[in-house]
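Got a structure for you, questions after.
As written, the chain order gives the labels A, B, C and D, with residue 1 at the start of each chain.
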Amino acid sequence: MMIVMQEGATDEQVARIVERIEAAGARAHVSRGEFVTVIGAIGDDRELIASMALEGEAGVERVVPILKPFKLVSREFRREDVVVEVGGRRIGGGSFGLIAGPCTVETRGQTLVTAHAVKDAGASLLRGGAYKPRTSPYTFQGLGRPALDILAEAREETGLPIVTELMDVRQLDEVLEVADVIQLGARNMQNFDLLREVGRADRPVLLKRGVSSTIEEWLLSAEYIAKEGNDQVILCERGIRTFETATRSTLDISAVPVAKGLSSLPVIVDPSHAAGRPDLVLPLARAGLAAGADGLMVEVHPAPNEARSDGAQAVSPTEFARIARAAIALAELDGREVALPEGLRERASVAAEARS
Amino acid sequence: MMIVMQEGATDEQVARIVERIEAAGARAHVSRGEFVTVIGAIGDDRELIASMALEGEAGVERVVPILKPFKLVSREFRREDVVVEVGGRRIGGGSFGLIAGPCTVETRGQTLVTAHAVKDAGASLLRGGAYKPRTSPYTFQGLGRPALDILAEAREETGLPIVTELMDVRQLDEVLEVADVIQLGARNMQNFDLLREVGRADRPVLLKRGVSSTIEEWLLSAEYIAKEGNDQVILCERGIRTFETATRSTLDISAVPVAKGLSSLPVIVDPSHAAGRPDLVLPLARAGLAAGADGLMVEVHPAPNEARSDGAQAVSPTEFARIARAAIALAELDGREVALPEGLRERASVAAEARS
Amino acid sequence: MMIVMQEGATDEQVARIVERIEAAGARAHVSRGEFVTVIGAIGDDRELIASMALEGEAGVERVVPILKPFKLVSREFRREDVVVEVGGRRIGGGSFGLIAGPCTVETRGQTLVTAHAVKDAGASLLRGGAYKPRTSPYTFQGLGRPALDILAEAREETGLPIVTELMDVRQLDEVLEVADVIQLGARNMQNFDLLREVGRADRPVLLKRGVSSTIEEWLLSAEYIAKEGNDQVILCERGIRTFETATRSTLDISAVPVAKGLSSLPVIVDPSHAAGRPDLVLPLARAGLAAGADGLMVEVHPAPNEARSDGAQAVSPTEFARIARAAIALAELDGREVALPEGLRERASVAAEARS
Amino acid sequence: MMIVMQEGATDEQVARIVERIEAAGARAHVSRGEFVTVIGAIGDDRELIASMALEGEAGVERVVPILKPFKLVSREFRREDVVVEVGGRRIGGGSFGLIAGPCTVETRGQTLVTAHAVKDAGASLLRGGAYKPRTSPYTFQGLGRPALDILAEAREETGLPIVTELMDVRQLDEVLEVADVIQLGARNMQNFDLLREVGRADRPVLLKRGVSSTIEEWLLSAEYIAKEGNDQVILCERGIRTFETATRSTLDISAVPVAKGLSSLPVIVDPSHAAGRPDLVLPLARAGLAAGADGLMVEVHPAPNEARSDGAQAVSPTEFARIARAAIALAELDGREVALPEGLRERASVAAEARS
């Protein structure tokens, strides 16, 4: 790190900082400029900055970290892409995953109908919530345990692996009985005890970005998981909170190439939660893929208007099939592989041919 | 709620909405304007909006809620101020609380020295973290259990009640052994399982506002606690995340009068976390009180530069004494009562006289 | 508009609002709910809300506008897409425009070299700044008048129409001598005198979105221009200001489909200013097109590192050629027409074939 | 400035940067760390960073400026407070200014009534808009020239100096005929031609902070004015744009002590525009003063509900008198001088006595 001294900082103040850096086991390097003095501390920033509080020392203007604060999930640490493989479907490293399903498991019927529909349209994995974080205590909070059984049945029927959310460390065991991928929601991106627990679990984790989290904080949360031994993390951009009110969140499309540059983890996009409007799911899904995302997560409901949660943003199975076709066309333009159930790629190719 | 139809919505579309409102047990009221039709749904919005998803219906432009989404914590539900009383100190209803102490309990010595110092300066309660949420897995995460014992000892020595943070539902019992007030941090404001658990506990809760939470969401989180039976909630404004980088967060000073208008709960201000800089703690503390806050929460460290977490923002005991005197002077200007240890009020008055 | 009364508003307060609405020439419609009373004011919101200040009346909780505040640029007013045609190039209505060139005209040589390079790569229009708004008074502010002559020469040599920025009403005449499209920068999106002046000019306007402007405010600024008689407005999304610091601005990709839904005007994307980093220009350009944008505006510099302004984000001619090819491939996937100089489409098709 | 190289940057890349720094007339200082190399460029950042674009060079991770980008308005350049004196009223340096009046001059009657009322309550200056920037072209845009005559008459009658807004360089001469202080609105904070023009005028300037401008950008805009020779600039914090919708803007109360630390210019607060609600003007005005502001700017209307612009946030003369008394009490607590018309201080003291 570099310590920028205030204009007029005294020699004693500079000496005090040098002394503290050396006491911490690092080397100090003083550079006197025309107006200000800068001290370089040569050592590992992740530990140095954590253990010192140099901003508070007399004469210090500010402290500038040099090294990135995360390591295990960084592109420098691991050059090649992490590929998460779930039930034979690969996400990352050129392979593209299409996760779809209801926001919340409401009934057995709704879930099975949706599961079959999204499978037919080309989904690689089925999503569905058993436990739902809800802003208001007066709204539907999910079916809980029974929903997990319904999801297991849907997997058995369709063969689609299951992505479902974990909200509370006490539910880890029952979620692990069913989930092929554990989802951590945006509100839990900095629930550090939960991060540590899933870091010890033997299951891929889908980590949503918090609505007010920087990309760096997101990667630090992934680092919590990786530090416990689990490097099977899928990052999911789902929109950040800004002043704009036309959409529920602002999809930070730049986060896709930025996160993929900083980290080797796969990055997917959730256009449904970002927009909060079904008519924007298709254009945002296309934008996500064009920006380089390794997959999509889309909310689908057989009768969106009757959904018990977030229905306003779910798309119908028909609209999802359109989104899936658009996704496949874009992936093919880039020479990317899409994990597709048998027969679907053929149908997609035929459709592409017919169009041209 | 009101449902605004799109320009050109058909009679069938209007009829469909009316039918759905009536099916939900509410009354519908159609108002045809020159350009658009608006349908009023007369009933309880909290349930109606939760259970329907009218935005998704054909012909609907948008849905406008009329009633506030929270009830138990609202000023309409309970006109008079909620007063939280802890060990004889009152916060709210004209009484002012001064919570001070270290960000994190690091050692027995640091904690006891700080406890005595803040008590002497006028603090009503002692704060100190045993478990610390930290953005990076490489930084100090708190001493855990041993820190709780140190806090208990500090209470015994000084008589100051203890405010300490709960991060994980599994630690609830041990935190309850020591905490006089349970703190929920900004990152856990929407950890709904945690909210429900503290709602069932027999202890006041200090609920920090999330850095990207609206005031309405903050009150909905308080509603989660109240709904479980615990109405002893202190709201704490600690800054929101904005584009400005000169301060760590932007203290939303307007949130104080706004929250006090919407809710009967006491509202305090945390100038330390908002600013992230010790030189701003005094002006922001004064601003908070002038805006009507019922108290302050200030980080104090005997040697701020050596603090193991957030040292950069802690103030020294001497600076805290200055802040306390400023707070007392402002409270007196407004005729508010400050819970002060014996002798301190006298000293404060003498100081005021000397100044004038 | 609808006026939502406070719980407990009196009959007198309701009567007062009704009276004021009727005095303003509109009709009032009172709807009494279980908890609150809502009054509908039936008339033109754009005038009603402007001329009354009902939020200030006793008993009023809030005022909810029903009609959109803009008219001439709205999709309701004009269903079919506005197509802006400049020197035979069409932008909007299925046609796609590729605007490229230096941020600032620095020298004759740099401008001519860039103009030829972007033309060869497929650009439809040439951009270049003569007058530059700069945050600091100590940075290069543009060459002014001589830059306009250089742009005119570049047009003569390449045949590319010119897009250049107008900052000051006093420079309108000289800018009109050269500009085929007048650009209004993000900082001037709400410079209302400038909006009115270009509204009276006989030239298309490229209106950048302000970094903290909502989509609604952006369309209201376009309405200022249209109200003076000029409906040849191209909207340009260039990123909004958020808490994220990894990119200079956050490209609001959702703004593309949202603005195109609300308005008939063409919408283009500026990936260079949004990102502030050359490595993000390609993925953001692709994302913009995939989201439905009618064009791109890209900064190109023959030696980006030596640019006198914003060099850090300009791409080289070689990288621009890659971006243009990617844009053409995406446009073709969607069956959109790209205005291309002779011979280029052929080359693009050959490249596409070679790739497959 | 410091140039942080990427991990693995080559010796050639480092040498290239050193060469460019030296070619720019500065000295380079290379510091090789365990992981990364940092190059210090010793010289004047304001020019260096402006003239180079090192972020674009191969091997460069990022560029960190060391010096502040503004100079003339900085506290380092001028240690003592700038005091702006207008018609015998002082703002800054311990003196406190109370600017009040209508948002917009609507009629002669409304303006004169308000002028007398605010004078009686203790205002030091009268504000009133002749030209109004309005988001929508359909709302009242000010009376223009005739409003300036009304303001001149109000000054003659009350003796209060006039603060009025300049929107367009072409109106400078007529505004200078009447204005004692020229106001630049938030939307024009980065209208650089306007900044330069008022920098050449012989009149104090009240510079509002843009709703999405950082404190640093605000001071750079003040630097534009100072660079032309006018150092009589009053900074006015009026709220920034954030995700919170309970208030129109979020008053950035920290900006008061931060700007006063970085700059010697006086800083005032506009609680009316920040809040957009009359009930918040008093608490925010108090907060502003408690945070150290050198003054307030408050909108007052004799019949707020009938105001033609922004009426929803104006306070009545009675409420303004309450705000003025609260301001005077706070200023006295801090030993600050308030410029008061004769007789008022006496009345304020009597009131204070009566209260105690």
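Assorted remarks:
The rule is simple: contacts are C-beta pairs under 8 Å (C-beta built on N, C-alpha and C of every residue); 3 or more make two chains touch, one makes a residue touch a chain.
This is a predicted model, so every value here is computed, not measured.
The interface with the greater count of contacting C-beta pairs, when A-C is set against A-D, is A-C. Relative to subunit C, the most remote chain by averaged C-alpha coordinates is B.
Centre-to-centre separation between subunit A and subunit D, using Cα means, comes to 40 Å. Subunit A and subunit C have centres, each the mean of its CA atoms, that are 30 Å apart. Residue positions 212, 241-243, 245 of subunit B are each in touch with at least two other chains.
Residues of subunit B touching subunit C in their complex: 2, 4, 7, 29, 31, 33-36, 38, 40, 42-44, 64, 66-67, 76, 241-243, 245. Only residues 212, 214-216, 240, 242-247, 250-258, 261, 274-275, 279-280, 283-284, 286-292, 329-330, 333 of subunit D touch subunit B when the two sit together in their complex. The residues of subunit C lying in touch with subunit D in their complex are 46-47, 50-51, 53-57, 69-70, 133-141, 167-170, 187-188, 190-193, 210-212, 217, 220, 223-224, 227, 241, 277-278, 304-308, 310-312, 314.
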